[in-house]
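Each of the next two complexes has chain A plus one other chain: chain B in the first, chain C in the second.
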Partner chain A sequence: MPSTVRHAAGGMAVPIGSVVFAFLVGGVIVAATGGDPLSAYAGLLCGGFGLACANGENTALQLSTTIVFFIPLIMTGVAVALPFRAGLFNIGAEGQLLAGSVACTVIGVKFNTLPAPILLPMVLVGGALAGALWAGIAGVLKATIGAHEVVTTIMLNYVAQWLVRFLIVGGPLQLPHGFSVSSPIGAGARLPTFLPNDNSLIIFGLPAGVYRVHTGLLIALAALAVFAFLLWRTSLGYEIRAVGQSQRAARYAGINVPRTIIVTMLIAGAFSGLAGAIQIAGVDHNLSDKFFNDTTGFDAIAVALLGLGSAVGILLASILFGALHAGGSVMQADAGISSSLVQVLQALILFSIAANFLRVLGGRFRRRPAAPASQAPGAALMTEAAKAPPGDGQT
Partner chain B sequence: MGHSRLKFLGMVGLALMLLAACGSSPAPASKTYKIGLVTDTGGLNDKSFNHLADVGLEKAKTDFKVQGDVVESHSGDDYVPNLTHFATLNYDLVIGVGFLMATAVGTVSGQFPNIHFAIIDGAGTDANGVDLKHPNVQSLYFSEQDAGAMVGVIAGMLEKEGKSKKTQHVISAVGGISIPPVNHYIAGYKWAATMEDPSIKVLVGYSNDFTDPAKCKNVANNQISAKSDILFQVAGGCGLGVLQAAGQAGVYSIGVDADQKDSDPSVIASALKKVDVATYTAIKNVVNGQFTAGALTFNIANDGAGYALDNITLPADIQTELDNVKAKIKAGTLTPPSDIPA
Partner chain C sequence: MSTSARDSNAVEMRGITKAWPGVVANDHVDLSVRAGEIHALVGENGAGKSTLMNILYGLIHSDSGEIVINGKSARISGPRDAIGLGIGMVHQHFMLIPVFTVGENIMLGREPVAGPGFYDHSRARKEIEELTRKYGLRLDPDARTGDLPVGLQQRAEIVKVLYRGANILVLDEPTGVLTPQETKELFVVLKGLVKEGKTIIFISHKLREVLEISDRITVMRRGKVVGHLITRETDEQAIATMMVGRAVLLRVDKKPATPGPVTFKVENLTATSDRGVPALRGISFELRQGEILGIAGVEGNGQSELVEVLAGTRRATGGRVLLGDQDVTAASAREEREAGVGHIPEDRRGVGLVLHFSVAENLFFGRERSPAFAWHEIVLRLRAILQWANRLIKEFDIRTPSIETQASALSGGNQQKIIVAREMGSRPKVLLAAQPTRGVDVGSIEFIHRRLVAERDEGTAVLLVSAELEEVTSLSDRIAVMYEGRIVSIEPSGTSEERLGLLMTGGGTGAGAA
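Let's turn to the complex of A and B:
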């Protein structure tokens, strides 16, 4: 067996093990509370992937819903995974996403008469820049005065949430006579859906408008490719990984560590900001109170960890989390088991990964007691679990 | 391989569910009506709208041949998929709880013109908040001013007779955000209190929030320092802070929407919006083939709004006056205003 394959298999043991563990414990919880684990998971499977549906749910619709849910997870997952590689724990993907959605909404509403070829790039780039700016604050603070990015990004999440609240509750973006929603963005700022939004057109037995899969999917997949390319095929990616392995060694090798930290955060924020912009441009079309308690940027941390910070891993983990999100409702409707079980499963996955990375961390310290203490635990996991990515040797 | 195993699991689940279905339902003689309820992000245990809607659904299940299914929304992202889920499965009525779902109901009802929708406190709107007036959407509205007037009578009478804790002839209301349902409550409250005690001063403040109790507590404490004796919270979960602030300051408070007797000992009464009655009525209409599009308003006359007496024993004359005003509003000889009087 080639060593890369063996290595990949070994690397995947942890995430797959955590998912299996979560589903087993989740099943026990369902059974202990008087539910039927098998029908619960059948509901999740139906809701997430449209498979084995008991009540004739539409497979295409379920897949479409899952995809809509996982698009922002991919983008924010990248925004968490990239800083991990540099030894930075970006808890602020949510705040950066909000900054991006605010920028997208402001531009999309202000210039709502512009045609799509001009306005759509404007809102997407605007969202990415706003996210980059938001994360950049934490990056600059970390690089210059050493303020810990965990603290600053968490605080910036709150700032962003309250900014959204200010803007749409009695603030300048509020829809006249509306309540806690902004005006809708112009038609030119909207990402098209793959199927026409035409209710008279019947596709797979349902009006075409119900399939909300939008072209943001292509952007998300492109973002994954950019992430992988940046990390493994560019000198910046090399610097990011070097800083993540050991800042001291990186500095000794002539890498400008503060600059790398700032650039990493800027790029991560851009991914997150773009996620927010895509969510507005592709699905919501306005800023609403749902963003007060949106958790995409936090789920992204679990996605990045579960995906071991690799592009393929993030894709798979996003699909899983998107399917869980979509499946929860169907499970509750069909099997009568509260869709909160989905949150339980997600938390169990995160928990078991965290428990595992403690073990990994312990192993590190035992083997190499001189490991730099300033390194974030997540980064330790990343470097341990993905030591030899495919093709790295050739660069 | 993993795929086929998943499929197998699914098939097992399917078989189990079929078995369960066979066991529980005897051969149906007449049609079983399928009702789908979608909660907002408050979830079923919000002790308020969503809970009451579920109570109405459960009552309908015992009274009619109804299969009721509930899906909780965990974020605003879930509204459209959850409503769509029931619509694609040809449910006879899909109920959305709360005005937060207005746009989602507007969108989905347009895609499924043959499915009946009902929405509590809202209408099916477009992104600009304009009612699309789809012929398959019923809006379940409430005359909050009726409920507000009943607790206003209590507050006004207590002040007039010097039976409140301090009797400074000042009462107040803490609104969440200045939107029609909130202002309806406050309008009825102020109108009725002033009717009973013309010398009364009614303070009105807003927290600009429906969830954070600390915010409402601030507004409430300001009103208490401005000598408010009785505080009426009209701010949902945020308003729990009002009830606590009143309890700590030793004055009375009034709850909203659901009976909030247990939230704080200071709660003397609650203004009720009977979402359970509205949900039950909407289901009953569908079962009887009497679904109507447009607004259906619930008020004191049809027992869709009212009050509950909580941690207080009212003097007999106040109770008499309450019954008197209630009868007059029912009969239409008294009409509480829907806009806050000056």
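Let's turn to the complex of A and C:
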């Protein structure tokens, strides 16, 4: 069996090259707008990993923030990467995440008196089911009438976003005092943080309550393991990969292609929905207007591509993106450079993977004939996903 | 060969070398083709024939070497140069636009113009008529190209090349898609062209045709020229040995069949094609254990659909299929496989394999939920898969660097052996073999043929569908001829190719049946 390790190592050059490229171009942009690229990147490094901090930021706190950011990225990254393997482009991780958040909030508020051993599984499972349902709509449409999943998942994102808006702006979940927030979920629905929420306890020089790293981290890591196991060690994963490579071959093999598409989307949606539930249960504890501007599910596309659709790659890419998010505010404060640079860097990374032009540049110098497997895996994932026509036009 | 012939050489390629990373496709290749001869270039897949011809046509640039055309040193940096030198290429896959008329296709890119930007229809027609008359190539310039049989499409392609002023014609595997009759007609055409002073380079791996049509033969193996032969002084066995590098068994060595009871029964089966038109119009036959029933027919007469219906990937619209006493008419591909139907599909790369999967993964394709390879249809049994793959690789002589290698990295012959191994390895009761040796090298053909016969001898009922009439006649114990979705006749194994060819084109059922 091709090991995850081999898959991760095989194409490392492209993602690393893309990141280096993004930082170089980002540096040029910073310099061109009168900033100092080095201090900008020092700010990112400090904010992301607590290293080389100029203004005495707390290393442990920065790391904690990065981890909180990357937990949902891992989950949604998986939710994008799994359908990629089946030749499906799941742009809807954001909508699925919101569906999970809403379900978690509704259950967590409604049954807020239940004890944690009952309520916590309820909100997590509820979130996963809601996400699965949300993605399942796109899966069923794709498998039955051939509606392209890119279109349907994007539309479902809008539906979910406006649904959240409706629920907490004058809707049934809004608290009466006028703010766009829901009631907090019950104490039993909250994922515990690793450190006690006790401000009299001083850890790494700060009260323990400020470290928000929560046990959702374990769920995210478990999700990665499940993803890798599913893909490489199960019959279903084998079928998902076969469908992604060639629907005609899959049909010849006797694989039920429509069913595989639906199941893949259900599983992916469950990962995303669980990410949303974890975000509520572990960090926010209520649905708020902050979710209006959430981009986790979109960043997940970049995570999945940068991570080449492998478990290890998704972990590394999530850490990078989580660190960028956490680092943005420190960079803004320390180096005076807008945290929007983070979005620019992220876009550049994605751009360079998608355009696959590092490989093209390399080819210029070496003048190789196009070998069959020379396509960058990231780009290959994208083109595969993009070219799979609805229903394959065969049936 | 006397060296004084040099001046009369139409094409002279000397010391052509072309290396790709990891392979030398052409290693100091010398080729000399005399003006006015038919020169056959033979060799297995990957021997470097196509590379050499693509260099001649300017599609590929050689690393070193010299090309002399009609006694003059030539620099060919693209097809334009080649065409300018009078070199024309008829590709294996036609470069014709199906919705255009034959005339439009021939003119394409060189349309005669009347006034500013107007296509001179009547002049085009006149020029084509002149050309076809001169070479005896009957062709209707107003026919829609897509409606023509393959043989006529090929003829249009030849006329197109002639229209562009070609004196040296390169034909890449021209008979691969033709019926025996069409092949004969093509040969008449080629001989006519030579009589008119054209020079022809004929690429093929079908040795009998090469012997029939060519004047001289250049044999290539692994990028090198291994022999220059004069056709009338050689024979099939000698060429094959040269091509493969060892003695090859050309005739399939088989004992007479000892058919057992009927295991597979097809009754009045009907089905439609992808385009929704009837493809099978009532097919009935019986298949016995331990026999090979060959299906002969021009491609597109329902053979593909028949195999697909029997394998469960296409739905029957009527009729019955019985495996033993089990009705498998409506069975899915998986159910067919579980019931004991093995299927070697005709499209190796698109259907039979997942090219980006490893050899090991391809060797249990379609069986990923069977108890042997998966625990409760959930978790794959990696150790069992590994053992299975290693066993089949050894047993079927699949040449692969490792079981982890992607199938796409293997040669066509070894890719086909993966499929053959997988489908035979699970001991089917019925084996559907569609074009089992298409595009496969001579060594692998020999191997696959031997395995098919061995499978028969072990009691499997084999249905063999092949566009290669020779393959059908040499392997089959009975031959069913398909024409327009029907089986027009079931013939004994000794039937002549002439008779089969006649049946394949819709004739012969009346007169010859006696």
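Keep this in mind: the second predicted complex is superposed on the first by the 346 of 395 C-alpha atoms of A that agree within 3 Å, B and C clash if a C-alpha of one lies under 4 Å from a C-alpha of the other, contacts with A are read in each partner's own complex, and residues count from 1 in each chain.
By definition in this document, contacts are C-beta pairs under 8 Å (C-beta built on N, C-alpha and C of every residue); 3 or more make two chains touch, one makes a residue touch a chain.
None of the values given here were measured: they were computed from a predicted structure.
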Touched partner set for A:293, first chain B, second chain C, both or neither: first
Which of chain B and chain C A:193 touches, first, second, both or neither: neither
Dominant contact partner of chain A by residue count, chain C or chain B: B
Which superposed partner A:235 touches (first chain B, second chain C, both, neither): second
Which superposed partner A:246 touches (first chain B, second chain C, both, neither): second
Partner chain in contact with A:333 - chain B first, chain C second, else both or neither: first
Chain B/chain C common contact set on chain A: none
Contact footprint of chain C on chain A as seen in their complex: 1-2, 6, 233-236, 238-239, 241-242, 245-246, 248-249, 251-255, 368-369, 371-373, 394
Residue ranges of chain B in contact with chain A within the complex: 6-7, 9-14, 16-18, 20, 36, 41, 43-44, 69-78, 80-82, 84-86, 88-89, 99-100, 103, 107-108, 110-112, 127-129, 177, 179, 208-209, 211
Complex interface listing, chain C residues touching chain A: 20-21, 274, 311-313, 332-337, 343, 345, 347, 350-358, 360-361, 365-366, 368-369, 373-374, 377-380, 382, 385, 404, 406, 408-409
Chain B-facing residues of chain A, complex: 36, 38-39, 41-43, 45-46, 51-52, 54-58, 61, 65, 69, 169-170, 175, 177-181, 183-184, 199, 206-207, 209-210, 212, 283, 285-286, 288-295, 325-326, 328-330, 332-336, 338-340, 342-343
